[in-house]
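In what follows, subunit A forms one complex with subunit B and a second complex with subunit C.
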Partner chain A sequence: MSVENPTTAPESALLAGQAAQSPSEYLQGYLKRVTSGDLGSLPIILGLIIIAIVFQSQNQNFLTARNFVNLIVQMAGITTIAYGVVFVLLIGEIDLSIGYVSAVAAVTMTLLLREPGGWPWYAALGLALITVAIIGIVQGLIITSFQLPSFVVTLAGLLAWNGVVLIMIGGAGTVIIQDNVIIGIANYFLPPLWGWIVAAVFVGGYILFRIRQVIARRSQGLPTTPMLIVTVQSIGLAILAGIAVYVCNLDRGVPFVGIILLVFLVFFSFLATKTPFGRYVYAVGGNKEAARRAGISVQKIQVIVFMISSTMAGMGGIILASRLRSVDTAAGGGNLLLNAIAAAVIGGTSLFGGSGRVSSAILGALIIMSVENGMGLLGLSSGVKFVITGLVLLLAVLVDAISRRSRSQSGLA
Partner chain B sequence: MVSDKPLLELKGVSKRFGAVQALTKVDFFSYPGQVMALVGDNGAGKSTLIKGIAGIYPFDEGEVYYDGKQVHIHSPKDCAALGIEIVYQDLALADNLDVVANMFLGRERVLPLWRLDEASMEKDCVKTLDSLSVTTLRSVRQPVASLSGGQRQAIAVAKAVMWNSQLVILDEPTAALGVAQTRQVLDLVRRLADKGLAVVLISHNLHDIFEVADRITVLRLGQKVREFDTKQTNQQEVVHAITAGQLEQVPGMVKS
Partner chain C sequence: MDPLLKIINLSKRFGRLSVLEQVNFEVFPGEVVGLAGRSGAGKSVLAMLLAGLHAPNGGIVYFEGKRLHWPLQARRFGIAVIHQEPVLAENLDIISNVFLGQEIGWPKIGRLLKIPSQSRMDVEADRLLSELGIYFPSLYEKVSNLSAEQRQLVAIAQTMTQPAKLIFVDEPTVLLSYPYQQRLLSLIQRWQREGVSVIFGSKNLEHLFAVTDRIITLRKGQTVANHRTDETSREEIVAELVGGAGSHQITPAIWALDNYYQARQQAENLRNQQALLERSLVERDTLNQQLVDRLAEQVEALDQANLALQAAQRRLLTEREQERKHLARELHDQVIQDLLSVNYQLEEIESSSDESPTLVDELEDVRTSIRQMVQDLRRICGNLRPPTIDSLGLGAALQSFTQDWSERNHVTVSLDLDSKLGRLPEAIELSIFRIVQEGLSNIRKHAHASAVEIRLKHTSPRTLLISVTDNGRGLKDNFDLSALAAEEHYGLLGISERVALLGGRLRLQNQPGGGLLLQVEIPHPRVGVAVDSINL
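Right, the complex of A and B next:
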């Protein structure tokens, strides 16, 4: 490929219409997308504001530093699991085994740590994650090799891994975790200064990424996001991060597990949107036949995605165990599975494949867990909690369906 | 720029599926800079011929020459390696991906750290679309789902062209399109040939064919019955060949 002079924009009819993009045009474009139904994260942000107003008006303890820190720790487990769910949903499949697979990882790790003769924490954690990664690969291979519906195979997994958890724990009932590092995953809080440093690194990285993107596009003579918009968005993020760290520092400090959530968010967003692998995941979810004809190994992508789903479930299970400082026979049960899938869906990831973002996991989990947290503060019965959580899920799917319809009507599908 | 040497030459190719003789000793040529139309009624063997070239159902007998050299195409990969791109009727685009992502699907450019080189891909995508005068797109970053049928066809064709292919085979590119969009696609087909590519156009629509094709090959019941020069024939003659062309062999009868 020849190297072209970057200062000469290509004489392109296609580019001519969009090359000169001013901040006001950018805003108009955004408004047009929103009014035509491409709402992005707007409904979730609106939902969070409504949730905050409703619960704060009922209970003064909802919008406090202490509860904010609690919320981060509470949502960490299902958010981590939901990151994996997003990938499975993106390829148009489902993984029902994640609940008990998360428990398999937690129990494996806990039993390896058990004294006397316990393994060091990193070895126990590593082996637990490798175990569940293999579970994911095996389930993925069964699904793709025999062309079975993932629903059925992972449903079998749900039952079988539940049994494995019961067998592994045996008569013990509850196994306590005594390793300080593992307990620290969900129970360690950063000292105030470190909270600020992490926030600065995170925001700085974001700004660097945006500027590099603008430079790369400009060097190819492509239209770029106006610098003013990049600046405003960067300042916005810096303010949000600043508020979050400040509020956390009013209480115990930034939870370590919150940093883990952010690192996963950045890593998996990168994987999904910036790498060929991510591109193939979306292609397989959008049109399997097109992906196959493009020379993509569809089976390989599917198996890797099931591996990611299981591994992230395992990681989530370990975070949940760390928070409880123990595992018991109920691990991985309850509504963990459904909450994790609901988080991805509420966040805007389609159940039909090909559409969604990694960030939907954290946004959806934020909605679910803040509702659950708020209802807990109000002392509602678990019956009422389930009904309300169900209604929230229904509402989220309705908003998505309605915005999708108006998008397809305005030709933006 | 019409070369007198064919780019693709099939000599006496046959294909049998169990008891069905789908193709019988068919000769077929495609010249650079020319649009060769392939016509025939349903079941005439058009698809079988294309799938043979594509390597999906390799021919049982006969010889295939490409650029003067004999070649053996056993898989779609062999076909692509020669520089033959086939645009199937169902286009095979991923609706949820944008135009750039679709054009480069499976052949993405990668930077260090396994990053997609979006900027350079977008630039070359725009360049290719420009060179084909595809100008009705609002943006190359809009999802393919939001495009019209004609635009989607144009993207599928542009995708085929971008990989320096020399021969593009289009399977019924206008079948599902309206009048204005058919116009766009036919213009595009003509431009491909004018750029020096060999184009094979499969179509049922004789009106379209007479508009863009230089030559017409007529298949009937798995045999080639006639080849016309578009300028020296008319629709009646072609229709007659399609429906009642002289067969060398009558199906079901074994030639002694």
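Right, the complex of A and C next:
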């Protein structure tokens, strides 16, 4: 400790002082965040519990292994699309073309697979995804180069790609998919043992990652999550994964598409939180000018995000086509686009950019699809379904807005 | 030497508004160039051009001999800009903002997909900010919760994450308080020492004159003057800022403005000094407190040392008493018995022999002297260890001792014992005995007294008062207890030590009618008295 420079000592001590965070302090911090309005995924979990209670009391088929597996397969398409939507919302833009872009991918792939002279499945799938990626890049370049609102450009895309789908399918009306691999994407279920193995790999990977992080930070004397909390969270995850696999195995087994969702979740979460690209996405969404001044090429980030959005839409379209084993002229239409955006928003991603998590896509989709699934079991008319889905979306946005206001009042916004 | 930055006829228009025209100047390596100009003179626009945020409409800019083209990735060239108004990503925390666009991670190349090392950035940000002397309660705070000054400090830290060749400082002092303004000025000087060129735009002439090598004046988007700082004056710069033509009219206003700046700075300086003074007062208080604490600590340590010393001395005394007891027993059981048996043998020899009467007489003499020896030895034993004290207690021991002493020294001793004296712990009894012994021995050596009065009284059930009064000479007027050791008079000193070890009090007083009163008060446990009173 030097006398000449008294200001330096406390700061380092301060950072080191935070390292000694006990589990109770951690919990207090969490409670403080929640009470001050930073609810995280708490409302969604509460919402899911309420949905489960309501529908189970109306129809006892809701909480069954069969319906659980169905739900995973049903939500796979919009979840995949919603992953891309999260990124677009994070930079404070919107992409309305994703519905029909997903159809473009599905139709392209299906047409390429068509016998005779059909392409192998990987080539068809790859080309379809490259096609929609290029669509995303083009839309992104138009938006950024001419400083146009993404709303208008992608609205034009929505119309144009709808037309393209109709032209591509032509008079056929419906094209059947015959490739077993593609059909398997949404219709293959893992044997029980493999379900367990996959769950073990995911949980093990999660635990390893967390522990490595804690050890690395502790060795530098930096604040860390207490080991006890990490342990509790790991055990909780293991129990959840175990229950999910067990329930799936009671029915047909873990759906392959569920694994795809998890892989995407891990990959995009990593991309969003652990890479500079992810930081730049948040920075651009938070303050474009700040990102620009920091030397970030804002245009590049925006174009890449629109590419991700289109590509994930294409992937989602292919999953949906695989589930239906065919594509038709209605592909990409209906409420697919709005459901995908609603999923991201219900999950907690802000429409104004800069805040949200990748996991909000899967949580929001879970809410929307379980409501839809439950109402399907009750045999409600589609009019009632739309009204209720709309109310759920409104409720989600209200909860977010109210918690945001209390956060700004408590000075944490 | 080639200039680091060479600007030729740079111009910028926004729509039909011309903000910069015909800007020309050069910056050499390691040079601090001041940019003086009033609001709207184009300083900030120039900063934005060099930061690559806007593209110029005309002109040529060379950096390190290479021509710059817009769009410009200024930071790649080593040009860092601190803007007047910081713009930060509100939704990210301090550390993420500091390293935005400059994440530390692996691999070094491939900016978008490298894996940033959060812990290394945390450590580095902490180092960087403390180097700047910036204090944040938490580096994980979101930037949206920071004050304008704190945000500006984050923006300053941002420019330091990467080595720069040219740093454009565009009047960030507006948002900074006085201490941080001074810190920024010294930072500029540090950059200069490190060979970094700085362009420092400011309205504040004090700041400009404090750190720059050259001052360039901008007026209405044009460079109007270029001076070496030590060859120009504030008046000259002000005149140029206003423009030659109307100077005689506007100058007073500008002077007023300049005075206002000075006054404001002085006010800020005063406020800062006051804050410093308050802090130093607080520090002095804590310093005093520390001193008091340390003193208390030392006193306590001293106390402990004292206690330890006392304990050691007590142990020493006890051991000495043990030793004496042992010695007395040895003498009594061994030597005296031996002498007595020798005496007995001599008696037998005497009675059995028919030798000459002279021999008998001599034998008789030897036996008398043996008896004398035995008696002496008994007295010595008694002095070493009062034989009665262990069995009969303090009272009996004192009685036998004083009687013996009185006979030998021909001094009348009157002994007045408390009727409820009872038995006390061995250490206390012995100490009291020794105190009386020492007292009497002092009287024998120094007092020339003819009568001694010894009293043992309980002043309370737990205190015993011992007083030894004589009718001798008393103490000298300049008597000093603490000087006794130096004069090698250990008698009184021994008494006072024993009294101190027992936690008692010693009083020495010359009597009105001559003679000395030695008074000792000793606390003792209740036990002896209690047992005694039950017996009564």
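Keep this in mind: the second predicted complex is superposed on the first by the 399 of 413 C-alpha atoms of A that agree within 3 Å, B and C clash if a C-alpha of one lies under 4 Å from a C-alpha of the other, contacts with A are read in each partner's own complex, and residues count from 1 in each chain.
Everything that follows uses one rule, which is that a residue touches a chain if its C-beta (ideal position, glycine included) is under 8 Å from a C-beta of that chain, and two chains touch if they have at least 3 such contacts.
Everything quoted here is computed from the prediction, not taken from an experiment.
Aligning the shared subunit A places subunit B and subunit C in steric conflict.
In the superposition on chain A, A:L265 makes contact with neither subunit B nor subunit C.
By the touch criterion defined above, A:A160 lies against neither subunit B nor subunit C after alignment on the C-alpha atoms of chain A. Contacts of A:A290 after superposition: both subunit B and subunit C are touched.
Residues 10, 12, 14-15, 18, 216-217, 220, 222, 274-277, 279, 282-283, 285-287, 289-291, 293-296, 354-355, 411-413 of subunit A lie in contact with subunit B in one complex and with subunit C in the other. Every residue of subunit B that touches subunit A in the complex is listed here, in rising order: 76-77, 90, 92-97, 101-102, 105-108, 110, 114-116, 118-120, 122-124, 126-127, 129-130, 134-135, 137-140, 142-143, 145-146. If you check the complex, the residues on subunit A that touch subunit C are 7-8, 10-12, 14-15, 18, 216-217, 220, 222-223, 274-277, 279-280, 282-283, 285-287, 289-297, 304, 354-355, 411-413.
The residues of subunit A lying in touch with subunit B in their complex are 1, 10, 12-15, 17-18, 216-217, 219-222, 274-277, 279, 282-283, 285-287, 289-291, 293-296, 354-355, 411-413. Remark: subunit C residues 51-53, 73-76, 81, 83, 87-92, 96-97, 100-103, 105, 111-116, 118-120, 122-123, 126-127, 129-131, 133-140, 142, 144-145, 158 touch subunit A in the complex.
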